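Heads up, the next two complexes both have subunit A, just with different partners, subunit B and then subunit C.
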Partner chain A sequence: MLFLKECKKVARSLTFWIYCIILALMFFTNYYSDVRYGESRPSAYEQDYGTKVVEDPDLIMDGAINSLMGEFASNRYICYPFGFYKAVSLKDNDRNEVEKLIQELTGTDHEGISEFMDEAQVNYVEHALSTYPEYVFNTMIVDKNVSYERFKEIMGEIDDILGGGSLYAVDSLAFNFSRVPMTYEEALKEYEDSITADTMTGALSRLFCDYTGIDLALIPVFVAAAFTAADRRRRMTELVYSRKISSLRLTFTRYAALVTTMFIPVLITMIIAAVQASVVYSGEELKMHLMFTTPTFWLLPEIMVVTAVGMLVTEIFSAGVAVAVQGVWAFISLMSGSNELYGDITKFGLMCRHNTLYHRSAFMETYNDFVFNRIFYMILALVLVCAAAFIYNLKRGGRFNGIRLFGKGGILRRKA
Partner chain B sequence: MVSGCLAKVVFSDAKHNFLIHYLAAVLLLLAAPIVFGFSGLDERMAAMPMEMISPVIGMILMTPVFMPEQNESIYDVVKSKKTSHTLVCFLRIILSAAITALLVSALALYMRSSDSQVTARLFVSTLGSALALGALGTFFAAVGDNAVIGYMVSVSYLVMDLFMRTKLKKFDLFTFTDGGTKVNPWLFAAAAVLVLAALIWRKYRK
Partner chain C sequence: MDNKIVIRKMNKFYGSKQALFDIDLTIEQGMFGLLGRNGAGKTTLMKTLAAIHKKKNGKISVCGIPIEKESEIRAMTGYLPQDFSMYPNMKTDEALDYLGALSGIPKAERKKRVDSLLRKVNLNEHRHKKVKELSGGMKRRLGIAQALIHDPKVLIVDEPTAGLDPEERIRFRNLLCEVAENRIVILSTHIVADIEASCEQVAIMDSGKILWNGTVQQLLDNARGHIYTANVEKQFLPQIKKEYIVTGILPQNEFTTVRLVSDAEPDLPNAVMTEPDLEGAYMYCLHSSGCEVKGGEE
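Showing the complex of A and B:
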């Protein structure tokens, strides 16, 4: 049977074994070591129960306006556009735009802003090769005529001027300016909401998917690209082209073999995670099926779409381009997530992030997006494989030879 | 005469086989300011963009050195020639390492001109990270006879290092970002050993 033959070919490839080793290494060094010890119920005698993010308009507006005034006065805004530190200094035009927005927020004019800056406390901070003035504001308040909705609109505009990823990004306002200490009762409720509702395995399965999802956003593309390019490397292309089988059937059989074979190591890590959960939480009620159903629905679409991208781009261009395309997509998806690593799920994001055993409510708030996202990527994967079959058929019929940048027939090759 | 011939081979190689990799590395360097901030950083903050971008440049440039002969027909032809294939590969590696050093220097100079504290020790340490990751890609591309395998291992090592950091001890690519203040000679040693092993493997493989 062709499917089993293709599965064996995948399983015998070096890229697949490297895939298994990477998956195992990441599993044991991240997830497995993180959940080695059981989570315990919060005690009434602890001094610190951590903080929680609340959307308190007064706290957010006070914190944001003072921070914004400080950064505006120094003309040095701290941003994390792709998760990395970036200090942004604005040119005059943009600075004037920000000043106008601050004037609206504070209900003052240019002279008023200048006065505020003159009265501010200034610390000179030695940083790298220079010394920067750091303005500290504590008493600024937002004008009463500015509603919270308008305030958020203005923050959004300022974030756009700064190029995104600033402290004033609307989605991050509560996270940056409205954190309050948790009480014992709140910590206990958080524990019970997260752990009791779908037992500990629900929380563990979400954390497992978060870690494994990071690997699966990239490494399947290597296996898929190398497998798709193997015919050409082994000089088997013409031989395969001459076979009776249809291009659609051949492409789908190979795709199914790739996805099935690459899912097996994931399944093995699921089994290890389930055994670990039953040992660590022995004696507690656990819904063991969650250790399999959640990861399958969460991770399988990711393997499917990344494999499909690898096959399609390799058919059109080459294995190297497929790796580059998927590498960029995975990097952007990983780094453009929100500050909070939990409940970070959007309709079209490749990775769904929930890097905690807690905050089940944040996950449930985005549950509809999560379901939509996974079904969307499953369908997209099938569409991409159909496109790969179409391209394969064109190549088979001699109507298309793939796009090459260099080498024989390359579009960038210099003609003699 | 022989050296002139070798220079021609390497130049021709660079033009026909590796130009796209050079372009990709330059593109990465030009796109870096979109992601990272380069101005007014102290040594540790400056280490983050330096130690993040440079290894990727090393990986892009050094991994594909055996790629032109990945096709078995071409390899058979190359083996039949008088010029030593191992020597040609060695020169390609030297050229890739030199271009890596050039691009890392350009990044360091740009950051220095932007008022960042890129010290000599940070620069040398970063170069070690770039060469080590590039050499890792070179080695696995040689063993797997496929540049994709080289990229797979080196990208995975970089991602793993992002999570494990100092747990990788002497082979942590982010020496200064993780608080180190000395050049890590182990990375240079690893790069040399991996390149040598790759060349030996290529020479004596069946």
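Showing the complex of A and C:
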């Protein structure tokens, strides 16, 4: 059977074994060590039960306006565009725009703002070779005539002026300014939710998927790209091109072999995680099937789409470009959700993050988006494989030779 | 279904550069030699016939099937490229079996064919060796076996003997003659001896054009009266090489016997007309077609 032969070819490749090693290392150093000891029931006599994010308009508005005034006064705004730290200083025009918005928020005019700044506490912070003033505001409040909706609009405008990724990005307001301590009852409920609602295995499987999903957003592309480029590298192309098999069947068989073979190591880590769960939580009622069904539905679409991207881009350009494209996509996906490690599952994000054993309710709130997301990526993967088969067929009939970016005849070289 | 390949007014371009010009050829069952210099367009023609290159215009039919029906053409064609290899870590029989699977042969039949072909190409005792452990000649024989795995009506072999030692070359040619008994075999080469030893029909290509098409005997007849030998003193050799197309130099005791191509009787002492050999006939064909020929010139 051709499928098994292709699986064997994948399993014999060096990149596949590197993939396995990376996957194993990441599994044991992240997930396995994190859940080595079971979570214990919160005690009524603890001092700190952690915090939780709530959307409290008063808290958000108070926190945001004081933070904004401080950054405005020092003209130094901390932003994280794509997850990277960036200190933004505004030019006069933009600064005036921000001031107008602050005036609207506080119901104060230019002189009033200047007065606030004069009275503010100033700390001088050394950063690298320079020193800058850090203004601290604690007493600013948003004018009561400004509704919460208008406040959010203004925050959005300020975030746009700052280039995005600021503390005032509307989606991040609650996360940045509205954290409240959890009570014993809340902490207990979180724990009970984890234990009872879908038993501990539901929580464990989500954490497992969070960690493994980060790896699978990138490393399958190495195997897929190397495998797709193997015929050319081994000078097999013409021997394969001249066979009777259709391009669609060959591409799909190879794709299925790649996905299946790459899923096997994931399955093995799933088994290890399930065994670990049964040992750590022995005595608890566990739904063991969740250790397999959740990761399969969560992670398989990711392997599918990353493999499909690897195959398609390798057919059009080269294996190197495929790795670069997937690398950029994975990086953006990882960084775009860097502020919130749970409860931030979107319809189109490549990685679905839920880096906690708790907050099941936050996951369930986005469950529909999660299901949509995974089905979307499965379908997208199949579309990309069809496109890869189409390109393969063009190349096979001598109608397309691929696009070279670098080297002799490369389009980037020619421009240079 | 007719058992021949018919090519009519076929042109092929690489981008804006024309690689093949108005090719007209009819190739019948048996061994057909395609002779030409490196870069003459032989490989392009072979790839076009194997349906892995697309022609610009003209017509090609393979055993009655238009070349546009790529799947059917591939099913009836076996192709051995000039520059090929196989997955180095696969065993010999495994590589053959894999390519058989790509040709859509059922498992049971594939097993029989792999066994029989490995015996035919004398690789049976090396069947468990990895491809990377095979010598150049063995790889070429494995190449022939893979091209025959689906029992094609047409076998296209591109420069199969390049780089082989004389013994392997003879063995390979004999193998080709064996398999040509009931199919069309197109042998593309720049080595005249390969054509001489195995083909009845021959076409000569240069710069993307067919210069000659006919039997080997007709090619020899065409050169009759233009091949000479002469015994000359060694010191005159550089001068002779400049003036004539020298196809052979045989040093004797006191003088050197040169074999040369000339339109008219050469102005050399002792020059005598001689029976043409295929190498001389090939050189004469190139020369009479207006190609620049540098036989012997340094």
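Things worth noting here:
The rule is simple: the second predicted complex is superposed on the first by the 405 of 416 C-alpha atoms of A that agree within 3 Å, B and C clash if a C-alpha of one lies under 4 Å from a C-alpha of the other, contacts with A are read in each partner's own complex, and residues count from 1 in each chain.
The rule is short, and it goes like this: a residue touches a chain if its C-beta (ideal position, glycine included) is under 8 Å from a C-beta of that chain, and two chains touch if they have at least 3 such contacts.
Computed from a prediction, not measured in an experiment: that's the story for all the values here.
Once the two complexes are laid over each other on the shared chain, residue contacts for A:Phe297 go to neither subunit B nor subunit C. In the superposition on chain A, A:Phe317 contacts neither subunit B nor subunit C. Contacts of A:Arg235 after superposition on the shared chain: both subunit B and subunit C are touched.
Residue contacts after overlaying the shared chain place A:Ile219 against subunit B, while subunit C stays out of touching range.
Applying the stated contact rule after C-alpha superposition, one finds that A:Lys9 touches subunit C and leaves subunit B untouched. In the superposition on chain A, A:Phe390 makes contact with neither subunit B nor subunit C. When the two complexes are superposed on chain A, the residues of subunit A that touch both subunit B and subunit C are 234-235.
Subunit C meets subunit A in the complex at residues 47-48, 50-54, 70-71, 74-75, 77-79, 81, 83-89, 97-99, 101-104, 107, 146, 150. On the subunit B side of its complex with subunit A, the touching residues are 16-17, 19-20, 24, 34-37, 39-43, 45-46, 48-49, 52, 64, 70-73, 115-117, 140, 144, 146-149, 151-153, 155-156, 159-160, 163-164, 167. Listing the residues of subunit A that touch subunit C in their complex gives 1-2, 5, 9, 12, 230, 234-236, 238-246, 250, 396-399. Here subunit A touches subunit B in the complex through residues 14-15, 18-19, 22, 25-26, 29-30, 76, 79, 81-82, 84-89, 127-130, 132, 214-215, 218-219, 222, 225-226, 229, 233-235, 319-320, 323-324, 327, 335, 405-407, 412-413, going by the rule given at the top.
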